[in-house]
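A, B, C and D label the chains in the order they appear, each numbered from 1.
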Amino acid sequence: MTQLPGLLDTEAIRKDFPILGRELHDGKKLVYLDSAATSQTPSQVIDVLSEYYERYNANVHRGVHVLAEEATALYEGARDKVAEFINAPSRDEVIFTKNASESLNLVANMLGWADEPYRVDHETEIVITEMEHHSNIVPWQLLSQRTGAKLKWFGLTEDGRLDLSNMDEIITEKTKVVSLTLVSNLMGTVNPVEAIVRKAQDVGALVVFDASQAAPHMPLDVQALQADFVAFTGHKMCGPTGIGVLWGRQELLEDLPPFLGGGEMIETVSMNSSTYAPAPHKFEAGTPPIAQAVGLGAAVDYLNSIGMENVAAHEHALTEYAVKRLLEVPDLRIIGPTTAEDRGAAISFTLGDIHPHDVGQVLDEQGIAVRVGHHCARPVCLRYGIPATTRASFYLYSTPAEVDALVEGLEHVRNFFG
Amino acid sequence: MYQDVILDHYKHPHGRGLRDGDAEVHHVNPTCGDEITLRVRLDGATIEDVSYEGQGCSISQASASVLNELLVGKELGEAQKIQETFLELMQSKGQIEPDDAMEEVLEDAVAFAGVSKYPARVKCALLSWMAWKDATAKALSEEAKTA
Amino acid sequence: MTQLPGLLDTEAIRKDFPILGRELHDGKKLVYLDSAATSQTPSQVIDVLSEYYERYNANVHRGVHVLAEEATALYEGARDKVAEFINAPSRDEVIFTKNASESLNLVANMLGWADEPYRVDHETEIVITEMEHHSNIVPWQLLSQRTGAKLKWFGLTEDGRLDLSNMDEIITEKTKVVSLTLVSNLMGTVNPVEAIVRKAQDVGALVVFDASQAAPHMPLDVQALQADFVAFTGHKMCGPTGIGVLWGRQELLEDLPPFLGGGEMIETVSMNSSTYAPAPHKFEAGTPPIAQAVGLGAAVDYLNSIGMENVAAHEHALTEYAVKRLLEVPDLRIIGPTTAEDRGAAISFTLGDIHPHDVGQVLDEQGIAVRVGHHCARPVCLRYGIPATTRASFYLYSTPAEVDALVEGLEHVRNFFG
Amino acid sequence: MYQDVILDHYKHPHGRGLRDGDAEVHHVNPTCGDEITLRVRLDGATIEDVSYEGQGCSISQASASVLNELLVGKELGEAQKIQETFLELMQSKGQIEPDDAMEEVLEDAVAFAGVSKYPARVKCALLSWMAWKDATAKALSEEAKTA
């Protein structure tokens, strides 16, 4: 077996993930290389979900009975855990949503309905980048259409990095908000954000980070980032589906208007008018994803038990190995950085003229699960003139042996369509 | 959690009703609909009166009664210390067992120690105290303005 | 044991709900009378959730690998089940949201951004009722504030019914949308909707039903209702938290604009503009609550295995018994209908001067879980001049013995505060 | 699922390239980015040409090639029957084992039977067929307008 410095004890870790023991297609062992789409879920999280429904299930915040109090304590306890995980100054800055997409839409809508100085309108500009996930593009396109604000973006360099050369043209006095990803889900690029934050602060623009591909893979510190908002999603970080997070600076959450209306988010309601609860509740209309928040709390516990520094080191070592091995495959072109520096564990590539769909299908026949397509980041494909890519992505349970299986599988693909 | 002292204050509230004041506030507990309108009258740094009217559960009603009993006649500094001690007790999640020193400060209010185990009820117990704090701040800033 | 005609075999059913075996406060058996806030979850649903994470977990719609295909089949299969459960003409009319509140906000926002003839603006009117849950009030208040549309509502009669006497003043040619609940969550009132639908159709207004308290308790047929939109929520119908449904007529879903933007809801994205997928995906931005939809599908299977007619009969018998027994309690005043006719299994009441908080707390000490407060329907409390109510609500696992326990518990409450 | 017939059509596509037509459509499979531009030229009720250009996987490419081979020269009625049969096969979730009658209608296209087991790929196989249907409808309505 390949030994790399910095690897986690994956033999032990893999035992926590029941699905990794699955066999496909008459006995082929599952090689799951699609964690950037969704991560697998450890027993520690699955068990907490079952326990929630078997012992504590109740609606939160409104009850005086034991179950309601226990469910509320679990739900709010999960908020504490998430707050600590991202080093939030206050637990009240952590809003639970259903996914990262809702988190990003929430910000866009708040800014659309906000009063000055936050209001986005036809005299203002919004800045994103060409490597964003659709969930960090379309909400801003919609906001731009609805308000008349101009949408601008940073382009990409040949090697899959942000092109910051024209920063002063892109971020201007008119810019109200800059929203960008910390890590590209298609290319794995880890973005340098300091210069952008500084520039945004100079012109008084808010900075939103899409941390969907960062939170699962590296230590995340919203204070160190100097962010105004940070969005991420539970299902990519060992948590359940149906839960996302938006962190926002308290002052902003106080000043900005609510988005969805309903139960839980109100202070008092009459037919004529209503007043709203303080954040985070102001932004959590209706019965929240209670069990899912509790599950996300358990996922955070799980990640902490391993240590995010160690997760990052593991993935770095694995990515270095994978990049090296993949570049040995003839006709393989990596879309994105071709070294492991400032890059996460998602590696996209093309393989000669063979369409990624076919690559994925033939790999699947060998039990290897990769993702193919535009990965909800179609502008990146357009930028590099390709219809789609094949993407292999790794996580804390991935092994060098799985990288080897991938490389072998790709040889088979080449022979098949050659 | 329903200590006799609490039930007693609930059934026979002290100082209930609205009287003249320097400032008035209206606080609501949105989770249960408890409401209180509360007025503070100051004489320099002395609390001359805390009058109130509201609707709510035994805990919120008894707590307002205890507040009236404890704070009326006190100096502001002392009253604030009482309020902070009460807040600390209520936020203790049942972890604080009031000692003699605390009992000396809080008098009847120590009976609420048991309530702190019930997160949904802590807000009831605190409703009048938060209203008082708010009204006092308002009265002082009014005073500052007219001074 | 009390025997009532129409009761289900609750002894068997209760075995499906692990939480109902829980003991509280040193050995008191849980008497769960808070199903209108959230229902309990049967093992059949809990097991499906665990199985999902242990065997099939993957992101949906985008993958060619086995797990992605299986997860997609499960997710879309749940849509089929829900469509059948509500007799939807097409499965593509079923949109998964995170809860009923999101469903209702989704409609309100679609109408706010729509073109004619659906557009709600300052020349138009929105109609709701005084018995709505905050989740069917606040979204319309927000829409009214944002567009200038006028918000109007039906009032209530003394005995907890809709006052339809002034229908022609309330629903007019200016009305664009009428949104009302099928069953009041506070009073249990089952609303007669035919006349309202007819009037709305006459003036060309859309009709939205909040079926959050109907879907769990009675057969629901969106075609028979002649509805345009129907919203409900998973956690009240034996399903998981974090999942809701919006059903809408296909033609409307085609014509109306999207609400949240992101992955999954697009057809094609470039930096300059995007086009959207057909419904339901157009309205499902981001990774959906996959496991939760699958869990809701299992809940629908569970309810079907018992039969919604039978659930309704059970609750009717139990409600009749409960109303009768409760009215025997001195000083007890039911807020809402005082017979079991056209009423669901949620019964709100006041008990003399004793504040509901105190009623609930003392009941809790006996293991009886009821809800106290305004139940997210504060205007009803205002209407009847009360600060709050105590609400007992029943479901398919509730028994006459639990009604008896409640009545006994209330006696204890009276003695305690008497 | 990769039958030799499919691979063959993929590697040696029939009638690829855009030529003159009465109507043109552009269809996209948003899940994978497959795209096709397709033109139909009619001569009365006869399909004179189906020309296309696009990018996509072996399944979508091969399917367009098979379509060209099968439909060019056919009467519209017959072509529609072929399209419907192909659609039925593709939506069968692997449940239809093509019999002789079906094979007579679909010829090479029966090789796609195995694809119907893979929901994510069914759209690839159908992309060109949906485009053809759309383009034909467009061509006919153009004709109706100018007639």
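In this text, a contact is a pair of C-beta atoms (placed from the backbone, for glycine too) under 8 Å apart; a residue touches a chain by one contact, two chains touch by 3 or more.
These numbers come from a predicted model, not from an experiment.
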Using the contact definition stated above, find the chains touching both chain C and chain D.
-> A
Remaining touching clusters (ignoring chain A, no chains moved) | one piece
CA centroids of chain B and chain D: separation to the nearest Å works out as 78
Cα centroid separation, chain B vs chain C, in Å, comes to 38
Quick one: chain A and chain B, Cα centre-to-centre, how many Å?
-> 46
Which positions in chain B touch two or more other chains at once?
-> 31, 118, 121
Per-residue multi-chain contacts in chain C, two or more chains | 62-64, 68, 266, 268, 357, 361, 372-373, 378
Footprint of chain B on chain C - complex, ascending | 355-358, 361-362, 372-374, 378, 381, 387-388, 416-417
Chain A-facing residues of chain B, complex = 28, 30-31, 118-121
Can you list the chain B residues touching chain C in their complex?
-> 1-2, 7, 31-35, 55-61, 118, 121, 124
Chain D partner, complex, touching residues on chain C are 61-64, 68-69, 72-73, 266-268, 277
Which chain C residues qualify as touching chain A in the complex?
-> 18-19, 22, 24-25, 30, 32, 34, 37-38, 40-41, 45-46, 49-50, 53-59, 62-68, 98-102, 104-105, 113, 130, 133-139, 141-142, 146, 151, 153, 233, 235, 240-244, 258, 260-266, 268-271, 273-274, 285-292, 357, 360-361, 363-364, 368-373, 375-376, 378-379, 382
